[in-house]
Amino acid sequence: MPINIAIIGASGYTGAELIRILLLHPHAAIKILTGDSSAGKNVEDIYPHLRNRGLPKLTALEKTDFSSIDLAFCCLPHGTTQTVIANLPKHLKIIDLSADFRLADPAVYKEWYGHTHQAVKLQKEAVYGLTEVARAEIKKARLVANPGCYPTSAAVPLVPLLKAKAILPGSIIVDAKSGVTGAGRKVAQNMLFAEIDGGINAYGVGAHRHAPEIDQNLSRAAGKKIIATFTPHLVPMNRGILSTIYVQLAGKYTVTGLRAILLKAYEHEPFVQILPLGLAPSTHQVRGTNNCAVGVFADRAPGRAILVSAIDNLVKGASGQAVQNMNVMFGWPETTGLQLSAVFP
Amino acid sequence: MPINIAIIGASGYTGAELIRILLLHPHAAIKILTGDSSAGKNVEDIYPHLRNRGLPKLTALEKTDFSSIDLAFCCLPHGTTQTVIANLPKHLKIIDLSADFRLADPAVYKEWYGHTHQAVKLQKEAVYGLTEVARAEIKKARLVANPGCYPTSAAVPLVPLLKAKAILPGSIIVDAKSGVTGAGRKVAQNMLFAEIDGGINAYGVGAHRHAPEIDQNLSRAAGKKIIATFTPHLVPMNRGILSTIYVQLAGKYTVTGLRAILLKAYEHEPFVQILPLGLAPSTHQVRGTNNCAVGVFADRAPGRAILVSAIDNLVKGASGQAVQNMNVMFGWPETTGLQLSAVFP
Amino acid sequence: MPINIAIIGASGYTGAELIRILLLHPHAAIKILTGDSSAGKNVEDIYPHLRNRGLPKLTALEKTDFSSIDLAFCCLPHGTTQTVIANLPKHLKIIDLSADFRLADPAVYKEWYGHTHQAVKLQKEAVYGLTEVARAEIKKARLVANPGCYPTSAAVPLVPLLKAKAILPGSIIVDAKSGVTGAGRKVAQNMLFAEIDGGINAYGVGAHRHAPEIDQNLSRAAGKKIIATFTPHLVPMNRGILSTIYVQLAGKYTVTGLRAILLKAYEHEPFVQILPLGLAPSTHQVRGTNNCAVGVFADRAPGRAILVSAIDNLVKGASGQAVQNMNVMFGWPETTGLQLSAVFP
Amino acid sequence: MPINIAIIGASGYTGAELIRILLLHPHAAIKILTGDSSAGKNVEDIYPHLRNRGLPKLTALEKTDFSSIDLAFCCLPHGTTQTVIANLPKHLKIIDLSADFRLADPAVYKEWYGHTHQAVKLQKEAVYGLTEVARAEIKKARLVANPGCYPTSAAVPLVPLLKAKAILPGSIIVDAKSGVTGAGRKVAQNMLFAEIDGGINAYGVGAHRHAPEIDQNLSRAAGKKIIATFTPHLVPMNRGILSTIYVQLAGKYTVTGLRAILLKAYEHEPFVQILPLGLAPSTHQVRGTNNCAVGVFADRAPGRAILVSAIDNLVKGASGQAVQNMNVMFGWPETTGLQLSAVFP
C-alpha cells in the first residue's frame, strides 16, 4: 500500500526530478502537484518529458487539500518556504529541499538570507538530512531539511576525516564546479544557453550562501568551529557537481590512511563509492544516480592531500537524497526506488 | 525466474545502454559480457558509471560458453556480425543490433555494404524487429534484426500513412538530425569534442546506408517500391534523433486525417505518442526512454504535410527496442523494464 | 578619414557582433551606442568581452544627438523599429537589421506581424540588402533592410538556380537548423541552457515569419509566385545556420549543371564558396566569418537534388552582411573589415 | 616588407590558431606549412575553415627548404621537438610551442618526460617566453620556449605578488579548468564528444607535467623554491582556462593591496586586465583574444585571498602569446595582429 505524496512547487527542476524518481518507486503514489503560476495545467504542458505518466494536474497551493497526504516534498524558493511549511497540516511529514531549515542558528540564517527567520520553532524541530550522517535522527523526524548540493559534495568526503581528526580543520578549501541546474529553472539572462555554452566562470567567490552550511557540517564533525574556503563555478553542462578539496594531513596521516578512514566509514553505504587510490571520478559516472564517488590523491606538496567528489546535483544533491530520506523516515530499504543506472553517454 | 542473458560486444554504447535498461528488468539476469579488446577487464574499467552493479567481467567471445544462456544481444559492428551469429549455438535466441540482417535482399546488402552476405540462410530466417509493425513475427522468431535508429524514426510516423494510402509514396523526404552516439564509440578525429561542439553538418547526403532500410520499411507498407530522400545530420548532442518528414497528401486527405490515422494505429501502443496537432516534439522529451513522439503539421504549401518524430537513438533506436523485442519473444508485457522516466534536464 | 557610426539597440547579440567586426574596420568609428534599458552603463557592464576597447557609453535613444553620425545600424526588435527609423534625421544612412522593412508588400507584413505597417512610405524606399543579388540598388540606397538569417541561407544557393530555371519552382523545401543566437538575447525559459543543451526541436513548423521573406526572394528570382516549404530547428549551439534544401531538377538539368550555375554566379564573390560536388559544408567552417559555403548533391530519388548551405547567422546572417552592405554604400572594397578568419575549434 | 614564416606541425589546433592570427598580421607571410601525415594535402582538406585563404600546401618536414624563412613556429608534440629544432638551419628564429625547452633543469625534464633531454645545449640558449615577464630576453632570443597554457594562467596573477612578497610562497593552490583543445587534436576515446559532453573531471591530480613549469615560474619570482599544488580539470567546452588560485596573505597585506600590486605591475600591459575588486572573470570574455583577465577576492577565512584568471588556452596560452613573442623579437608593437575582438557568444 503506497503512501500518498504531494510535491509543493513541482514546476522546477527538483520537482521534475522527484517525479522521475518516484514514478519508479514501489511505495509512492504522487497525488498532488502544486505550482502557483502553472495551476490548472497538465504536467506535460510544463514538462513534455512527463507526458502520459498518469500524473495529477498542477494546483494552486492555497486551494490544495492535504488531508489524504502522508508526505510532502517542498520545492519552493528559499525564503518563502518557511511560512508555507509553518501553515501546513501537522499530520504531514515534510522533506524540504529549500535552504530554509538547514542552518541551525537563526543569526547565521539572517546574516546570509537578509531577513529574520519566520519559523524559528520549526527550525529547531528540523533535522538536517545528510542521510549517511544523520540517519537515526531522520528516522524520527517530521521535518527534514534536505541538504544543499554543494554542502553534500563537501560533507561526504570530509565528515569522516574530520571526525577521525585526520586532517587539519583550518586548512580546508573546497573548489566546486556545478552544472547549471543548480540554479533552478529561473529565467535569467546569465542562464541563457548563449551566455553559458563554451565558457566557465566562478561566482559568489568568498560569499556564497552554501558556505555557512558547509561550515556547519564540518564544524559538527570536527567538534569545533570551522570556516572553510569555498568557491563555486558554473560549468556548461546540465547536471553534476565536482568538488576538488584541498586539505592538510594531521599528524602522521597519509593519503592511504585517509582512504582507509573513508572506506571504513562508508563500508555499508550503498550510495558512496570510495575509488581506488589515484582514480579520479567524473560527474559523468554519477549522472542520474544517487551516488557520490570520491577519489583520494597525494599532493606534490608534502603534507597535503586532494579529495575529489562527484555527485549529480539534482539527485544526491537534491531529489535523490530527499527520496533516500523518505525511505529512512518510512522504514523502507534505503535504496528503494534509487537503484537507477547512470545515464551515459 | 529470470532468463540468462549475454551481451556480445558489450563495450560500445548500445551495450552499455542494454546494461542500463536490463539492470532494472525483473526477468533478466546479465550473465555474460563479451568484448574482445577489453577481455579480462571489469565493466567499471571501461564504463565507470557501471561500477558496483554486480556485473560479470568482460570475456573474449571465442572463449565464451553460451550453454546456460537463453538470449544473446549482439552489439558487434556491421559486417562481422553475420559470421559470429552463424556460429552461435542454435538454442540461443538472438537480437542483433547491427545492420547485418536488416536488409531482406542480399543484392541490396551487397550494394551498400560492399561484400557478399556471409549468412544468407540466416538472413532469410531473421525477422525485422520494428515491434509495432511486426509483433506477431517477432514473437515466433529466433533471430531478430533490430531496426536502425534512423529507419525507426522514419517508419513509426510513415508506415500507417502509407498503409492507409493517405500520402503519395513518391513524395517522401526524411531530413534527420542525430546525436553523436549514433556513430558508436569508435575513435575518430571527426567525433572529437572539439570537432563536433558548436556546429552542425550533413553527412552521407544521398548515400547513407540507412536509406535502403528506410526504403524497405516504406515499400513494405505501401506495397510498392519506394525510394525516399534521406539526409542525416550530426548535431552537437549525445542522444536523440529528430526526423522532419515532408510528404504530399493523397486525394482529399488533410493533416487532421493524417493525425487520425496515426492516433488509430497507435491507440494501444505504450511507446508511441501522437501529439496534438501543431505541437512539435523535442528529443529532450524522449531522452532515456523508449518513446517515439510524433507531431503533425500542415504546410503552407497546399497539399503538403510535415511530420516530426523524436526518439532516443540509443533506446527506441537501439537497445530499448531490443528489450521491447525481448519482451515480445518471451511473452512478457512489452513495457517490462522500459517504464523509464525521461531524464530532463 | 573614418565615418561616424551609431548602433541603435547595441545591447543585443547583433549589436555586439557589429562592434566585434567594426573594431577591425579601418574606415569605421563607433561613436554612439544606444540601449534604453542599459543607458548610462559602460559596454563592459553588459558585454565583459568588450572591456577596454575604447567604446562610448550606452545612451538612451531619445537623448541621442545624431548630427555628426554618417551611418546608423539599427538592431531593435521587430515592430518598434519602423517608427524609430521614421523619426531619425534624414541625413543618416541606415542599415536596419530587423524585419521591419524586408517585406515589400504591406499586406504580407500585416499578415505575419499582426499590425499595420507604420512607415509604408519608408518601406517603399528601403532596399532589400542581399548583397550578392542587389549590389547596384544597395549602392544608391539610404535605407537598407538587412536580410534575415534563414532567408540568406536559402537565397544564396537558390536564387541563381531559379533565375536559370534549372529547378522546379514548386518543389522547394528548406529544412533549416539554427544556433540559439538567432533568437537574440531575449530572456525566455525555452532559451535557458538547461532547456536547450542535449536536444533538438523544430519550431514554427509551417508558420515561421521568415517564410514570406524566403518566398519573396525566391519569387523575385523565378519571376513568379513561389511558396516554399520551410521548417526551422533549434540546435544546441551558439552560432550557425545549416539549410538543407530539396529541389526537383528542371528539364535535363543534373547536379553537375546546378553546380556549374552556382560556380558561374558566384565566380567573383568573395564570400560564397561553392564546394566540390559531394562535399558537405559544416557551420564550423564559417563560424565568425561572412562566408556562405554551399554543397551540391545528387539524390537517390531520380530528378531530385539536395543543396546544403552553411552560414554564421550572426555574420552573413546579420551583422557581417550589414557591414558588407555598408562597404557597398560607401564605395569601399566589399571585403573591408570582413576578412576574418573562422574561429575553429 | 613582411617576414617569411614557417609553421612546423601545422595540422594541430595550435597550428590552425597561428594561421587564424597570422592571416590578419600585416608583417607576416605564411610560406611553409609542414605536416608529415598530411603532406601533399591542401589546408582545407584538414581544416575546411581555412578554405580560400591563399595558404601553401602542407609539406613533409624533411623535404622542406627553410632557406628563405625568417621565423619558424614549431607545433610538434613534446619529446620529438628537441631533435627537430636542433637540426633546423641556424639562421632561423624559432618559437617553440611544445614543452621541450620550457624546463631549465634537464633533471627536472627527465623526471617528468621520462627520457634524457636530447638538446641540452639548445635548452640553455632557449628563453622562456612569458612575454610580460621576460620581454627583454625574448627581444634578443633566437629560440623562445613558448609557455604552457596552465603555467601562463597561473603566472600572470602570481608572479607580481611573489616578487612583492605579498603572499606566502608555501601556500599556493592552483585549481585550473580547461577546455578540451588543451589536449590538442589527438584522437583518443576520452576526447570523443560523447565522453566529454555533459560532465567534468579532474585529471593528472598531483602529477601533471605542467606542475614543474608552474613551480619554475613561481620559484623564479619568489627567489626561492616553491612547490605549488596544481589540479587540472577537463571542462566540456572548446577553449579557455579558468584558474582559481588560493593564497595566504603575507604580513599585513589585504586583497586591496594585492590588487594594487597587480594594477601597478600590469599598468602598461595591453593584454592583462585586472578587474574591479570582487568581479569574477569568465573564459567567455577572453575567447579568441590574447587577453588574461584577473579577478581578486577576499576569502571568508581570515588571511586568505582568492585570485581567478581567465585566458584562451589557444591564444594567450599558446599561439597568441607566440605571436606576441614574434612581435617582440622583430621589434613591432606587441599588439600587432593581436587586437582581435573576443568572439561572444
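Think of it as A, B, C and D in the order they're written, each chain with its own count starting at 1.
Here is the rule we go by: contacts are C-beta pairs under 8 Å (C-beta built on N, C-alpha and C of every residue); 3 or more make two chains touch, one makes a residue touch a chain.
For clarity, every value in this text was computed on a predicted model and none was experimentally measured.
> Spelling it out: a chain qualifies if it touches subunit A and also touches subunit C; which chains qualify?
B, D
> Could you tell me which pair, B-C or C-D, is linked by more C-beta pairs in contact?
B-C
> Counting in whole Å, what is the centre-to-centre distance of subunit B and subunit D, each centre being its mean C-alpha position?
So the centroids are 45 Å from each other.
> Taking each chain's centre as the mean of its CA atoms, how far is subunit C from subunit D in angstrom?
36
> CA centre of subunit B versus CA centre of subunit C: separation in Å?
About 38 Å separates the centre of subunit B from that of subunit C.
> Touching two or more other chains, which residues of subunit D qualify?
13, 180-181, 194-195, 197-198, 236-239, 281-282, 284-285, 287, 345
> Tell me, which parts of subunit C touch subunit D in their complex?
13, 16, 19-21, 23-24, 47-53, 181, 197-198, 238-239, 273, 281-282, 284-289, 293, 339-345
> If we count contacts the way the header does, which residues on subunit D are in touch with subunit A in the complex?
170, 173, 175, 177, 194-195, 197-203, 205-207, 211, 227-231, 233, 235-240, 242, 244, 246, 278, 280-285, 287, 295, 297-302, 304, 306, 308, 310, 345
> Using the touch rule from the top, collect the residues of subunit C that touch subunit A in their complex.
Touching subunit A: residues 13, 180-181, 185, 187-189, 191-198, 236-238 of subunit C.
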